[in-house]
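Note that subunit A is present in both complexes that follow, paired respectively with subunit B and with subunit C.
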Partner chain A sequence: MRKYLRLTGALMKLSLMSQLEYRINFISGVMVEMGWMLVKLLYVAVVYRIGVNIGTFTPDHIMIFIGIYVLMTGFYMLYYLNFTLIGHMVQTGELDMYLVKPVSLQYIITLRQWSFPMFLTNATAGSILIIAGWHRAGLPVSFVRVAGFLFLLLCSNLLTYSLYLIPNLLSFWIISTGGLDNIIAAMWDFNNMPCMIYGKWMQRIGIFILPVFVITNFPGLFIMGELRPFMFVWAVGAPVIFFIIARLLWKRAVKNYSSASS
Partner chain B sequence: MNPYRCVFHMGIEKSLEYRVNFLLTMTSSIFPVIIQTIMWTYFYGKTDAAASTGYTYSQIMIYTLLATLVSQLVSTGFAWQMNDDIKRGGLNKYLVRPVHYGGYQLSSFLGEKIPQLLMLLVVSVAVISFSAAVFGLTLSATRILLFIISLLFALALNFFLFYTVALTSFWLTDVDQFFGTISIVLVVISGGVLPLDIFGEKTVLITKILPFGYTTQFPVNIINGRYDMQAVGVGFLCQLFWVAFFGILGEVLWKKGLQRYVAVSG
Partner chain C sequence: MAVIEVQHLKKEFSYYKKKPGLAGSLHNLFHRETLTKEAVRDISFSVEKGEIIGLLGPNGAGKTTTLKMLSGILYPTSGQAVVDGFVPWERQNAFKRRFSIVMGQKNQLWWDLPASDSFYLNKCIFNIDDQQYIHTIEELSELLEVRELMSVQVRRLSLGERMKMEILAALIHRPDILFLDEPTIGLDIVSQQKIRGFLRYYNEQQKTTIILTSHYMRDIEELCQRAVIISQGQVVYDDTLSKINQLMGDKKVLTLKFSEDISAQQLAPFGKVRECKCREGILELPKEGIRTTMADILSRLPVEDFTVTEVPLEESIALIFRKEGAVS
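Now for the complex of A and B:
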């Protein structure tokens, strides 16, 4: 475990150094992400403009949900590029080079490159929205709430990693997953709004079958004191279940891989 | 055969070559429409949202259904190609031919958009029929005709706008990400995500003055009945003004840029 933590630190440092080498690119990357941020902030503006309540949640509470969505987008963007490159590595045979490395293949393929410009923009904006919403909604700040919230964010990160790795593994069987990528990315945007605005069946699907709603809604519900015990169990259980599924599929996918290119 | 007509036909062929990609892009753009449809239905059901947005429920729903389609239709992708031509010397092959580079790009762009425009019109007929049945949208042949004309002007406006932006490649070193940022920001400020005039009088004024709203928000608001004929007339004049403005600005930048251009590479 310590070896992987050290390796992650080294890979992060390497990624940051290579990104800072081309500073204009780094700044441009931040600018692109700020453009996307504008889209997300439009939803916050609409909520305040209309002054709508979703159930018992006021616009301030809704801002927390959107803030978590923005923050989680930042975390996902940190390693998202690795997922999109899997198909390319399979097609060109570049994967061969990593098969012989003395580390877990899944680890080195999926957590090799870290993209900081996208992370920084989203993490900063997301944190501001969460803190502002928390303060404006008058929610209590206690050790339990903060620690529980951070723990659930950690669970959400594991769930995001597992849930979004699974469709990318299709690259081992089919040539192009571009269209699929677009659809998966679009599904992520369902978290633009708290899941309570969707119908009951959509909520059930989004919580239990394709648990995208668990990722951004459950940490928010926890700090508002609205996360029921069985939902807390699912918030911890779902990442474990989906990680196991992703791990099994990964092993199956690698077994299916036949070296290409040279 | 007229070279521009030839390029126009090539544009149509190019667009049809990537029809699966186009269909997939359109499919993925359904999701934001679903999200917004649910969101607006919830907001209008729970609050007096019409009072704060200025849009009736049927107007906002038609806007949601059509804005994404119009935004996709007017979108451009040639800025990166132009940057590549300028940076890598690809421009040389156009300079020695008896064609104007801007005219060449415009013909190609319009050719690429024709299949999309036809598809959009088919989808729009379905959406408008659905809106007429479900939201009680009343339509006249005049309004439909005005919508189509405004779409053509919007296409021209967005072309000249991006053509002008793309010509900055003569002066800027690294523009790839810059174009990405501009594209996203323009989608937002053109009303491609949400109508911007829901944010109050000041925003209404800004969207009327600036050119961006005339590429998406204006055509959609013609069809959903938000604008009266006077507003439509003023809007058309503004569209024409901005088309002429960016057309002239593009020509000036092209001439200035060519003076700086150093033919390199192939």
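Now for the complex of A and C:
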């Protein structure tokens, strides 16, 4: 475990150093993300302007959901690049040099490069929105709520990692997954509003079959005291189940790897 | 004692063909006929500890595929291999600590950062203690003459400098076995010489077992005592380099310089004329009786200078490839 923590530190440092090599690119990356950020904040502005309520949720509650969506986007963006590179590494045989290292291949391939410009803007804005929404909605701040919320965020991160890794593993068989990537990106954006705006069946699919709604909705519902016990169990169970699926698929995928001609 | 034992290794790849043009692409969209290619058909050999062997063969012979199986990158279709007591494709971490692979056309260094940062990453991956790490970096960077380049971004290094850094990165954990797949490809003569010199020294000092593939015969001649020649996925020769010429009929090459112009017809009675232009001629002669032939040439032709050499290794090897190709 210590080895992996040290390795993660080293990989983060190297990624940041690589990105800082290209100053203009780094700064423009932050700027572009801030632009996207403003677009996302427009949702909040619209919600407040029209004073929309979704069920029992006021605009302040909705701001928390949007904040979690933005924060989780930041976390996902931290390592998202690695997922998109899997196909390229399979196609070019770049994976070869990682297969011979005494380290978990899944770890080194999926958590090798860390993208900070996207993380910094999204994480900052997301955290501000959550704290502001929490405060404005007058929700209680207790140790249990904060700790439970952070724990569910951790679970959501594991779920995001597993859920979005699975389709990228198809690269080992079909090489190019550009079309799939677009569908995945669209699925992610379903979360920019609370899932209650969707129909019942859509909600069931998004919670139990492709649990994208679990990622941003469940931590928010927990803060608001609306997360029922069985949903809490699912919030913890889904990441474990999908991580196991991703792990098994990964092993199968790597066995299928045939490298590339030199 | 053999540290590498390979028995009847075989690797098949499946692929599909595509007819040229748009029609072929559309046809492929709905139906793809799967075909099988035998990249490695049946390869067996063994390597002793500390030995450097050259794995030779034309493009597509199966050299790189063999190295990839021996390093655990690929699973074989059938056959066995034991490398330093491990089955490579079980990919145990203990095995990965015992060997290293350098591929001339692939890199492990971070492109935008100095190589020293990638070395540090390898230090973390291989769990190398600080003292050993510092000592290894100092020693190897001195030997490879790259100490001054440690803080230069990899993208700014020349190809030769980059390859030296790749070799250094591969040796940080002091492997017992080193697989080198065309480590000098594309390098200038000076860089090739430096890398060869380093590998020879490193092998002598560390007793590292090395399997080397290269299309540059100088690499093979200077580093290897033994060659395993692969053609069409099979071993067609496994013996010392010196015996390759014997296999070809023990011939010598005689290069002559004359004081006046000579024709090919004048040279023909002495041996097989390889080249003849004005005052220079190259003859191929049987080793046996070369003294008599030489004396004859010297007495009958206006010879100014001459040299006798072995048939170039690449020619002998090319002949083996052609023979095997014809048989297959």
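Just so it is clear, the second predicted complex is superposed on the first by the 262 of 262 C-alpha atoms of A that agree within 3 Å, B and C clash if a C-alpha of one lies under 4 Å from a C-alpha of the other, contacts with A are read in each partner's own complex, and residues count from 1 in each chain.
The rule we apply is simple: a contact is a pair of C-beta atoms (placed from the backbone, for glycine too) under 8 Å apart; a residue touches a chain by one contact, two chains touch by 3 or more.
The structure displayed is predicted, hence computed values, not measured ones.
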What is the contact status of A:96 with respect to subunit B (first) and subunit C (second): first, second, both, or neither? second
Which of the two partners, first being subunit B and second being subunit C, lies in contact with A:258: first, second, both, or neither? second
Given the touch rule stated above, what does A:174 touch, subunit B (first), subunit C (second), both, or neither? neither
For A:185 in the superposed arrangement: first (subunit B), second (subunit C), both or neither? first
Identify the partner contact of A:24: answer first if only subunit B is touched, second if only subunit C is, both if each is, neither if none is. first
Based on the superposed arrangement, let me know which partner A:3 touches: subunit B (first), subunit C (second), both, or neither? second
In the superposed arrangement, which partner chain does A:14 touch: subunit B (first), subunit C (second), both, or neither? second
Which of subunit B and subunit C A:45 touches, first, second, both or neither: first
More subunit A residues in contact - subunit B or subunit C: B
Return the residues of subunit A at which the contacts from subunit B and from subunit C coincide. none
Interfacial residue positions of subunit A with respect to subunit B in the complex: 24-25, 28-29, 31-32, 34-36, 38-39, 42-43, 45-46, 49-54, 178-179, 182-183, 185-187, 189-190, 192-193, 197-199
Touching subunit A in the complex: which residues of subunit C? 13, 64, 68, 71-75, 91, 93-94, 96-97, 99-101, 103, 105-108, 110-113, 117-118, 120-121, 124-127, 153, 181-182
For a test of understanding, state which residues of subunit A touch subunit C in their complex under the given definition. 3, 6-7, 10-11, 14, 17-18, 21-22, 93-94, 96-97, 99-103, 108, 255, 257-259, 261-262
Touching residues (chain side subunit B, partner subunit A) in the complex: 20-21, 24-25, 27-32, 35, 38-39, 42-43, 46-47, 49, 52-53, 173-174, 176-178, 180-181, 183-185, 187-188, 193-194, 198-200
